[in-house]
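Here chain A shows up in two complexes: once beside chain B, once beside chain C.
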Partner chain A sequence: SIKMHEKRNTKQKNDEKTPKGAVPAYLLDREGQSRAKVLSNMIKQKRKEKAGKWEVPVPKVRAQGETEVLKVIRTGKRKKKAWKRMVTKVCFVGDGFTRKPPKYERFIRPMGLRFKKAHVTHPELKATFCLPILGVKKNPSSPLYTTLGVITKGTVIEVNVSELGLVTQGGKVIWGKYAQVTNNPENDGCINAVLLV
Partner chain B sequence: QDEPVPLAFFVHDAEIVASLEKTLAGQSVETEKVLDIIYQPQAVFRVRAVTRCTSSLEGHTEAVISVAFSPTGKYLASGSGDTTVRFWDLSTETPQFTAKGHRHWVLSIAWSPDGKKLASGCKNSQIFLWDPATGNQIGRVLSGHSKWITCLCWEPLHINPECRYLASASKDGSIRIWDTLMGRCDKILTSHTQSVTCVKWGGDGLLYSSSQDRTIKVWRTQDGVLCRTLQGHAHWVNTMALSTDYVLRTGAFEPAEATINPQDVSGSLAELKDKAQQRYDQVRGQEPERLVSGSDDFTLFLWRPAEDKKPLERMTGHQALINQVLFSPDTRLIASASFDKSIKLWDGRTGKYLTSLRGHVSAVYQIAWSADSRLLVSGSSDSTLKVWDAKMKKLAIDLPGHADEVYATDWSPDGQRVASGGKDKCLRM
Partner chain C sequence: MALYNFKKITVVPSAKDFIDLTLSKTQRKTPTVIHKHYQIHRIRHFYMRKVKYTQQNYHDRLTQILTDFPKLDDIHPFYADLMNVLYDKDHYKLALGQINIAKNLIDNVAKDYVRLMKYGDSLYRCKQLKRAALGRMCTIIKRQKQSLEYLEQVRQHLSRLPTIDPNTRTLLLCGYPNVGKSSFINKVTRADVEVQPYAFTTKSLFVGHMDYKYLRWQVVDTPGILDHPLEDRNTIEMQAITALAHLRAAVLYVMDVSEQCGHSLEEQVELFKNIKPLFANKPLIIVANKCDVKRIAELPEESQKIFENFQAEGFSVIETSTLTEEGVIQVKTEACDRLLAHRVDTKMKGNKVNEVLNRLHLAMPTKRDNKERLPFIPEGAVARKKRMEVDTPRRKLERDLELELGDDYVLDLQKYWDLMNSSEKYDKIPEIWEGHNILDYIDPDIMRKLEELEKEEELREAAGEYDSEPESEDEEMMEIRQLAQQIREKKKLKILQSKEKDTRGPRMPRTAKKVQRKVLEQEMTDLGLDMTNKDDAHYVRRSRSVTRKRKRDESETPKSVARSRSSSRTPRDVSGLRDEKMVKKVKTMAKKAQKKMNRLGRRGESDRHIFDLKPKHLLAGKRKSGKTQRR
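Here is the complex of A and B:
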């Protein structure tokens, strides 16, 4: 009809739909909480754990050869011996880390390249937090780098999320979660990672 | 023969648990002074802590934002973001009626003190009245406010056993007193300059309202005249609680006489009025009502609004805004829930700080006392509920199970059940 044609271009106030995101009266005048929350991903997490597969944000990384990550250090009176290696990438050593006696250590991890915190972004809520690292879970280039604690792009690390206040369905508080590194920390001087939810 | 009333003994505000000697050992007392031992009666009946989730009631299609048990504990009603109010049958724990009519989120619900009517207010500033026995609407829609309804409060039973008048507070800064029998607005109380966050109908013919303009106003309900303005808060006043709140809510129902199957209180209007008046006088005692208010400025104030404009006590200690305060049913304790993840307990008469209950990992939204004042349940945005023992001042039981934030909590007046609803759209008992 003609009236419907006229209505076609004009905007009508949508009377029917009630907006989503209902909040109680005491939360109405307030903005949403600034801390990130995990929404109903509990079921998805359980399913993923059962399947044993993880979808990661950075699936393919350039494999880094030994000559790139480890630098040969010559020692000895005539600087002929070449069995020591120094790590040229950012690494993580735990809290109770003590060096082996310098004469016998094969891999040198310089203090300047040791990091304790990572900037972790929650992918859905787009909020970034600076969280302490708990450990290196897997470095895609080589298992040797995983044991050494070398962090390069694509490494999966475990971070301490107790600050975020997440709780499982069973009522337990979550304090560790995996995150994947998304930048080259040796070039930037900081570790940026994305939380794996 | 009457059952003996259990008593708790206090010396200098410290409870005597083991023996008088042990309690005195911790305090420095001169041996020649006369010691005052104060006794306080405790509730004769004991409520057992809720331990498990008996059922998860689905049905709402949006978040559940308000939950309330009727004064006798017979009915349970919940309001939600899907614009419906649902009534639930408690003996089978299944849905009973769905009351449709609102066109926006149902923000607040309130039972009349005789348990025969439920008022619900929505974000479109409309108030509906429902009959819990049939799920149908009673009377006409009460509209008149220009912005959403923040709080509803009925007139106490001992003033009017017909439960005729209802007060509603709204974001537009006015309070309206409605005559539910005629379906029209009786009085409009305007004086607040910003949203009214809470309204309470006292038992002495006074109405209290708190607002975002940092004041609390005391009105005379007979003629709607402003009596007093209580100032002192530095930010929005979020919540209020009266010392006689619980007894005004339950009316003529005595929790000590509760049976397993909750029943409506029977009797003629005059009998109900007498009973309610007796219960009210017993709880109130000789002193006037006390009012505690919690605010965004992280403090609480204890007032005696009928007498004084100045507060009795300023209660500080919280590190984030206070979302809800409640007097315990025997008016001895005040509990305050705050966004700083803790619940603080204060003395109900003097406002002195007693203890902090910590355990939640995120903001605590709502709390509810059990009818004997021994247990406290709290619902938080970390999706768990926790039951605390008020005497031991410790966590009694943890109630996980919700998948998302818990928005509303209530303990039934007969002490049998706790209901909680939240963002995950299901109601848990």
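Here is the complex of A and C:
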């Protein structure tokens, strides 16, 4: 494959291995070669890019399993049916959110666990603001949680930063930025996040 | 009204103390033991209780503070103004406002966290939520540190304010510092205000009370006022101004004639003119103090003119000296009288008077005739009064006599006896008089004699002197008595017999027992009945021929079944029944009662065996029209 081609074994001059003194004929004209895997520039660049794409304050998070985040709700006349799930972690639903008819909704997001605001700290200013959440960008545990809007530790959320009054180079006002959640909201009752600059 | 309850405001704890207090109270008063393996609802309840308890405590304490502190709008304007002067109205209101906000915030926090805790599914989660909730509440209180400190200081100062009743009779002292106001109040009331030679010794209002004409009067001492415009005045002077402005009192403007206070007479007059608007509608007296040093008459002409001007304007000027107490009482009486008159006037002019006046009616008695009726004074009273004035010595007492005679003294009560003939006082008393034995009427041994008499009576009774005679009885009575005697004996015997019987367990009724023939015969003979003739007796066991005959005669079912049990027994199915018809009815009833049992095939009452557990007509078929609800 191309990768292997790029990581080709380069042959370098290896002075050390060259024996001093008499050398049999078949060994002449051959200097020590060290076969080092010299990584080509391209690969290096690619790796850096990948690593630098999401340089977040909370890089590694414990993955939350489904049993932890979703609780099974039994329904039916004899409580036999178990296809409904209730979210046990803090979640965010948008402004225009309306539930599906209760008979058909598969995931229940209780009102008590819905949060609209997060306490966002600006890392450079070292100041904390209470900003409204615009949406959940990515939940590191599972894309399902992202679509549901479940906010756990390490989730990247988008917040409304018009309060800060940031302005782009071109003169446009920035009103949305990403922030990463740094605490366990279900244990603390509030969402603490760090703004990603 | 918070007017006089400034002393009852609850202590405002500092922020740190408040937090410690509440948290330790939560720790002590709520259950502390919880384990991971308890049921989740129990864990949740445990932690929710702690959050709610803390919230409750904070809420209660803060509400208490808010209600105890007086609202500046509710109290008398005098106190409102005074508090404004001392504590700054805005700051006060802001502090209380902050406390109110804190209270609401705490309530909200508790509500939110309790709501969140309902979704807590593990002990750790609930515990963390409780920790967050309590922490938040305590931070809110920590932020109120400044307000709490300020309020505590206000409370302490408030409780030390003098209780001035703004509505009662008051005399207000005002003037420059060091003119002698405090010495005046010390003289007139029991107040002990500090008097010192330096100015502004009195830094706040002081109250003293005095009595005049059976009424209680307040005397208010103020700090001295200097002569500068209102805006420049400091807190101490403002207190005096407030008092002047709001208390409806008689004002005593104290001036220092000798100018020892450090301000000239002209300055004092200037000040007077400046604060004159505050004296509107108040009786005013000018007190020329320190007259022991310098009298008005000794003053130069211009100064005297000033005083004459005052008098011309209608303000009375009285010279006093608080050192020699000259004129102090005069000032007091004059001020009180004028104030009373003023108050009465105001009340008369007001609206409320009419309500009272309409109901009052002074009734004067009309003269009946022209006879002069003077008040009657008994002579003794007049004499006593005269004696009191003359101070004559009182009559000789026994004590005096005793002291006089010393050892010879004998208590002779007979001299006080009130007899018709006073010369008989010391006569001996006779024993018999007019045929009566005096001792009968006065006998010292009478108790002893009574006892003897009683003993005699007892003896007599024992001897039977008082027994009634036996009455003559006729035959009937004798018989009756005999019979009664017999009955009594028999009864006693029966009682003894029944006692001897060994009765254990349930007892058969008398009618169920078999009566033995012997016993029957014996009893009847005892009673006197002749039992020898046995032909007619129905209980005798007859010879076989007689019985058989009997049987043939009555071969059908016997008409009467009322026999004694000792002979042939009636069959059970006809016992207790009167006649044939009844027997038939009874048989049909018995058959009917058995029908149900037979139909159900039950062995007895306790047989509940179900033959068909799953009847097809109930369990088959589709779910239609409610039949399946009760399967």
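The rule is short, and it goes like this: the second predicted complex is superposed on the first by the 145 of 197 C-alpha atoms of A that agree within 3 Å, B and C clash if a C-alpha of one lies under 4 Å from a C-alpha of the other, contacts with A are read in each partner's own complex, and residues count from 1 in each chain.
Definition applied: a contact is a pair of C-beta atoms (placed from the backbone, for glycine too) under 8 Å apart; a residue touches a chain by one contact, two chains touch by 3 or more.
This is a predicted model, so every value here is computed, not measured.
Enquirer: Answer with first, second, both or neither: which of chain B and chain C does A:A25 touch in the superposed model?
Expert: Touch partner of A:A25: chain B, not chain C.
Enquirer: Going by the contact rule stated at the top, is it chain B or chain C that touches a larger number of residues on chain A?
Expert: B
Enquirer: Taking the superposition on A as described, I'd like to know which of chain B and chain C A:P59 touches: first, second, both or neither.
Expert: A:P59: touches no partner chain.
Enquirer: Please work out whether A:N187 is in contact with chain B alone, chain C alone, both, or neither, and reply first, second, both or neither.
Expert: Touch partner of A:N187: chain C, not chain B.
Enquirer: Which partner does A:P110 reach: the first (chain B), the second (chain C), both, or neither?
Expert: Touch partner of A:P110: chain C, not chain B.
Enquirer: Touching A:G96, do we find chain B (first), chain C (second), both, or neither?
Expert: A:G96 contacts neither chain B nor chain C.
Enquirer: Do chain B and chain C land on any of the same chain A residues, and which?
Expert: Correct list for chain A: none, the interfaces share no residue.
Enquirer: Would you pull the chain A residues touching chain C in the complex into a rising list?
Expert: Going by the criterion above, the answer is residues 71, 88, 110, 112-113, 184, 186-190.
Enquirer: Give every residue of chain C touching chain A within the complex, in rising order.
Expert: 112-113, 115-116, 118-119, 121, 124-125, 128-129, 132-133
Enquirer: Please output the residues of chain B touching chain A within their complex, sorted ascending.
Expert: Answer in residue numbers: 62-63, 65-66, 80-83, 103-105, 107-108, 148-151, 171, 195, 197, 212, 238-239, 323-324, 341, 361-363, 365, 381-384, 398-401, 403-405, 407-408, 424.
Enquirer: Under the touch definition given earlier, write down the residues of chain A that touch chain B in their complex.
Expert: For chain A paired with chain B, touching residues are 18, 20-29, 33, 35, 37, 39-40, 42, 165-173.
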